[in-house]
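Below, chain A partners chain B and then partners chain C, in two separate complexes.
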Partner chain A sequence: MAVVEGVAAPAPKVRLRPRGVSRREQWQRRLPLLPALIYIIVVTQIPFVVTLWYSFQNYFFDIPGGAHFTGLSNYTTVFTNAAFRASLVRSVVMTASSVIVAMILGMAFALLLDRKFLGRGVVRTLIITPFLVMPAAAALVWAGPMLDPNFGLLNYLLTPFGVHHVAWLSTHALGSVIVVMIWQWTPFMTLIVLAGLQGQPADTLEAAKVDGAGALATFRELTLPHLRPYIELGILLGSIYLVNAFDAVRLMTNGGPGTATTNLPFYLYQQVNYAFDVGGAAAAGVVTVILTIIVATFALRMFARVFQFDEAAG
Partner chain B sequence: MANVKYISASRVYAKDTPPAVDALDLDINDGEFMVLVGPSGSGKTTALRMLAGLEPLDGGRVEIGGRDVTFVPPKDRDIAMVFQNYALYPQKTVAENMGFALKMQRVPRADRDRRVREAARLLDLDDQLLDRKPKQLSGGQRQRVAMGRAIVREPQVFLMDEPLSNLDAKLRVQTRSQIAELQRRLGVTTVYVTHDQVEAMTMGNRVAVLTGGHLQQCATPRELYDNPVNQFVAGFIGSPAMNLQAVPLAEGGARLAGGMLPLPAAVRTAALKARLSELVIGIRPEHLHLTNGSPDADGPQQPRATDGSWELSGEVMLVEELGADALLHVRLADGGDPVVARAEGRKPPAPGQRVTFRVSPDDVFAFHPETGARLAG
Partner chain C sequence: MAAVTTTPRQKAGWGTANFVVIALAMIPVLWLASLSFKTPAAVLDPSLIPSQWTLGNYSQILKTSQFIRPLINSIGIGLIATLIAVLFASMAAYAVARLRFPGKGVLIGMSLLIAMFPAIALVTPMFNIERSLGLFNTWPGLIIPYVAFGLPLGIYTLSAFFREIPWELEKAAKVDGATPFQAFTKVIAPLAAPGMVTTAILVFMFCWNEFLFAISFTSTIASRTAPASIAYFSGSSQFTVPTGPIAAAAVVITIPIIIFVVFFQRRIVAGLTSGAVKG
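Moving on, here comes the complex of A and B:
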C-alpha cells in the first residue's frame, strides 16, 4: 500500500533567538560564584605567577643579596640536571604502576561487590574507608604499625612463611610507597567501576546468556567495552592526583634511601628546603606543571572523544 | 525445531506471595506460533523467562524437544530470544550483534558473515546498516536487528517478549504481519508474549490466555472468540470488549433493560443447579445489530417469536467514529452500565437518539457471577 506522507506547510522563517538577558542580570547570576573564583585565583593562580617570576631569578635563601634576574639559566639547569630527569622517571613509574594496579584491583572488587549478598552495604562502606583516610595519616600508619621492621604487622603476619625483620622502607622503599598509594586508590577505582557495572543494562546480559556466552565471554565481549569510559575516567583522575603524591614520600621514606623514592613533588620540595634554590625549584616546578598540563590535556582530549563518540552513537 | 512442554511449572518470586506462575500446563507443538497473552502481572513474561532459563522453576518441569531443560542454563537450551527493549549490545555493530551467538558457537568468520547477510536480507536490512551501532538505528531497525539476532541462530525455539511494544502503531501493525509471515516461512516453534489481544489473535496459531499466574484457556483465536471458557477470557479477547452485565434471573430467562431475555435451557439448568439468583451475561458489541425501526418510546421489549432473536433499546450517549464503523455507547432502558455496540460507519445514530438492537440468542454468553465460569449454553 502506498504511503502518503503528511504534507507539512513550510515553516515561517522566523529566527528564534533566546530572550535577551540584560548585562545586569548576567552579573546577578554570576555573583554567587565570585567568592569561589576569587579564592581559586588567590590560592592557585597568584602563586603560579609568583613561581613563574622566581623561575627567571637567581635567588638562594642562604646567599645574601636577594633575587636578581638570570634569564633562562634556571631552565638550562633543569633540563641538564640528571636528578630532575631521574625524579621525573620515578614519578612516571610511581604513578603508572599504582594507578594500573589500583584499577585492576578496583575492577576485581567492583565485580565482587556487584551482586546481592548479606551485608553488602557494610562491606561496601568498609571497602571505601582507605580512600577516606587522609594521605598523611595513611602514610604514618603504614610506616609505623604496618611496615616497622621489628614491630610491624606485615612482618608478624609473614613470620610463618619464613620472613623475618624485613626493613620494608629501606629494602623495598619504592614498592612500599607504591603499595600505600594502591591501598588508598583502589577504593576510588572500585567506586567508579561499580558505578559503571550498575549502569550496564540487565537485559543485554540476559541476551548474552541466551546467545550462549559464558561468564568469561560476557565479560570480555560486553562488560569490558561497556566499562571502557569508566576505566579511562578512573585512570585519568587517579593519575592527576598521584602525580602530585607527596605525603607518602615525605612521611614514609623522605625520598630515600638515597633518591630511591624521590619523585617530582619531593624533588621540588628538596630544592627549596634543603638546597634553598628558590629559582631552580621554581623553574623545575614550571616545567613540571607544563608537562602535567600536556599529559592531562591529551588524556582529557582522548577522554572527551570517547564520551562524544558514545553520545554521537546515542 | 522442537515442541515445548510446561508440566505444572511454577515460579514464586517471594515467600508468602502468590506464585507469579502457578502450575502451568501447556503443550506447544513443533513449528507452532503460540501466543501468551494476559494483562500485566498475569505471569506471561515470567512463563517465557522460565522457558528461556532466565527464571528458575520452583516446581514442575519444562521440556524442549522432549528434553527436560528445567536445570539447563540458558546458553545450552538452543533458544533465541527477542527482548522487549531489544537488548542489543550497544558497543557492537549490527553485524556483530547478529553474529554474536555464532561467534560464541565458534562458527568460522566467513560462515558467520554469510549467515548474518542472509538474515539481514530476510529482514530487509540494508548492508550498510550492518556496520552501524544500534544507537544509530531507528526503533523499527533495532527491532529488526533483534529479530535478526534470533534468526541467525537457527534455534529450536524463538522466544519473543512483547517485541512490538516499542514501535509506533502503524509500524506495529506492519511488523506484526511480517513476523507472523516469517515464522510461517521458517517453521520454527515460537512462543510470543504480548498484552495486546489483537496481536495475540492475529499472530498466533493458538493463544494461551493467562491471568494471575493461571492459564485460563489455550485455543485457536477463533475458538477463544466463539467459545470463551470464562468471563475473563470473554472480556479480554475482542475489541472493543464484550459487554458484561449482571442480571437477575427470572422465570424462563433473565431480566435486562426492562425486558425478558430468553436463556437456553442448558444455561437455565446450570444456573438452577448452582442456585443462582443472578448471572452475568455477555454480548459482543458486534452482535448488537441496529434495527432501523424505532419502537414506541416506552414500549416494552419482547422477544420476537419469529426468528428467536429479541430486541432491546436505549439512548445513545456517545458515538466513537472509527471510519469503517462507529462505536455507540448506549444507555439501556433500565439504566445500569452503558453498553457498547458496533454500528456501520456511514450513518451512525447521533447522541441522544433512541436506538433498538436485535440480538440473536446464540450470541449471548452466560457466566457464573462469582466464579466467572461459563454456564454451558
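Moving on, here comes the complex of A and C:
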C-alpha cells in the first residue's frame, strides 16, 4: 500500500496534504465518482423511499380502492409475526451453514490443489465449474434429476447403502437447499483460499521446516494467519450473495414444504406475490434493510481495515 | 509455493483425494450434460452415458422462440448493462485508486452497502415505478437495476486493479512529449485493460445469472431473460417436468460463462482477492 500511495503522490495535481487544495479542486477530485454514486442512489434509494412510504399504508394489490395510511400497524404486525421471525432465523441458518461448510471444504480442496502434480490446471478448471453453472439452472437440475425420489441420481448412488426412494425435497428440504448452495460456493472458496496459499512466501515455510516445525504447527502458526484475510473475504462475499438467495429456494422448493425453506427474501416475495400484502411486505422489507445495514456495518469495518480507509479519508 | 517431497504412497493418497474432489464437483455437471443428450424415455435411466444419444433436446429448445428470444435478451441486456456499469465503475475506481480527498472512505462504504442491500425490498416499488414509466417488460427495465447492482462489484474489483497500475508512467510519457490523450491511450489504457475485461466478465456473470428482477420485471419473452425462461419451461402436462430440454438449456446457458472463465480464471481470482488482501 505504501508503495502504491507513494507512486500516486508525485502525479500532478495530487498532493499529499488535502488541506492544501482549494475547495474547487476538492470537488473536481470527487467528480469521477459522481456518475456512479448518483446512479446508484437514484436507482436504489428512490424505490427504497417508496418502500418506506408503502410500509405505513394499508395497501393490497387485490383490493381496489387504493391504499390508505395506517400508521405503524404494519410494523406491529412484523414484530409480532412468528412467520417473519422464523424466516429470519432460517435465512441466518441457511447462509451461515452453507458459507461455513463451503469455506471448510474450500480450504481442504485448496490445500489439496496447492501441490505440484500433473494436470493441476485442468483439475482447477474442473473444480470451478459448479460455480459457473447458472444458479437457476443448477436449482432445477438438483430439484429434478439429482434429488427426485424415483429417478434421482442421489437415491441411485445411495441404493447400496439401503437408501430407497427418499423424497429429499420433502423430508430434508432445508438440508437439500443448503447442500446445493455448498456445492455451488465451495469452488469459489477454493479459488480464493488457493490464491492465498500461492501468495505465501516460500522462504518462511522453508525456515519453519529448517527449525523443525511440524506440518500441523506450520499450518496453524504460519499458513492460517496468512490466509485470514482471504478467508474473511470469501466468507464476506459468499454471505452477501447467499443471504439474498432467492432463485434456489423459489425453484427447488418454493419455500416449502410448508415454510420449511422460506428464507427472508422468499418470505418477502410471498407476501407480495401470493398474499398481495404490499404494505406488510414493505414494512418487513424495511426491517430487513435495517438488519442488513447493522450486519453490513460490521462487514464494512473489515473492508475499512483492508482498504485502509482511515489513511484515504485524511 | 515450494514443492513438498512426497513418497509414492503419499502421492497415491493425494491422487485419490483429488479424484474424490473432482467427482463431487463434477458429477452433477456431467449428469446435466448427459441428460441433455438423452431421449425423453431415457431421462429416468440413471446411467451417466446415454444409451442412445440424441440432439432432440437441443433442436427442441433452439427451435422455439421461448428459449431463443430470452437468450438474445440475456446477451443484449447483459452486454449493455456491463458496458454502462464498467464505464461508470472505471471513473469511480480511478478516483478511488488515484486521488486523495476527504470523505473517500464514506463514499466507497456507501457503494459497498448497496451491494448488500436486499434487492427483494425494492422489487415492488421498482415494479410500480417501471409500470408508470412504461419500462416494465422492456430491456431498459432490467438494464437500469442491473447497472445499479453491478456497479458496486465493478468499483470494488477495478479499484484493486487500478491501484496496481504504475501511474507515474503517465507523467513520464508527458515529459517525453506525449499529449495527455496519448499518455492515456498509449500508456494507461493498455495497463488498465486487463482489469476492465475481468471486471466486465464478473458484472456480465451477475447480469447473466440474475433471477429475481428477471421474473419480476418481465411478463413476456419480449424482455424475459434466460434464467427466467427456463423456470417457465413446461412439459406436456402440468406435472411432467421437461428434464431433457431444461438440461439442454442449462448447458447452452453455461457454456459462454465457462469459456470466459477458462480464459480469464487467474485474472478473475486476482481481481477478487488483490483488492482486499494486498496491504
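Simple rule for what comes next: the second predicted complex is superposed on the first by the 258 of 314 C-alpha atoms of A that agree within 3 Å, B and C clash if a C-alpha of one lies under 4 Å from a C-alpha of the other, contacts with A are read in each partner's own complex, and residues count from 1 in each chain.
The rule is simple: a residue touches a chain if its C-beta (ideal position, glycine included) is under 8 Å from a C-beta of that chain, and two chains touch if they have at least 3 such contacts.
These numbers come from a predicted model, not from an experiment.
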Touching partner for A:109 - first (chain B), second (chain C), both, neither = second
Practice item. Considering only the touch criterion stated at the top, classify A:138 as touching first (chain B), second (chain C), both, or neither. Key: second
- Task: Report for A:82: first if it touches chain B alone, second if chain C alone, otherwise both or neither.
- Result: neither
Larger residue footprint on chain A, choosing between chain B and chain C, goes to C
*asked:* Just to be sure I read the superposition right, which of the two partners does A:216 touch: chain B = first, chain C = second, or both, or neither?
replied: neither
| In the superposed arrangement, does A:47 touch chain B (first), chain C (second), both or neither? | second
| message | Once chain A of both complexes is superposed, is A:225 in touch with chain B (first), chain C (second), both, or neither? | response | first
Would you check which partner chain A:206 touches, where first means chain B only, second means chain C only, and both and neither mean what they say? both
So the chain A residues that chain B and chain C both touch are 206, 313-314
Touching chain A in the complex, chain B uses residues 52-54, 73-77, 79-81, 83-85, 87-92, 100-101, 104-105, 133, 135-136, 149, 153, 159
Within the complex, chain A is touched by chain C residues 1-4, 6, 11, 14-15, 17-18, 21-22, 24-29, 31-32, 35, 43-46, 88-89, 91-92, 94-126, 128-129, 144-145, 147-149, 151-152, 155, 159, 163-164, 166-168, 170-171, 208-209, 211-212, 215, 226-228, 230-231, 241, 243, 246-247, 249-250, 253-254, 257-258, 261-262, 265, 269-270, 272-273, 275-279
Listed in rising order, chain A residues that touch chain B in their complex are 201, 203-204, 206-214, 217, 221-222, 225-226, 313-314
The chain A residues in contact with chain C across the complex are 1, 4, 7-8, 10-12, 14, 16, 18, 21, 26, 29-33, 35-37, 39-40, 43-44, 46-48, 50-51, 54, 109, 112-117, 123-130, 132-138, 140-142, 144-146, 150-151, 153, 156, 183, 186-187, 191-192, 194-200, 202, 205-206, 229-230, 232-233, 237, 240, 243-244, 246-247, 250-251, 264-265, 268-269, 272, 278, 281-282, 285-286, 288-289, 292-293, 295-296, 299-300, 303-304, 306-310, 312-314
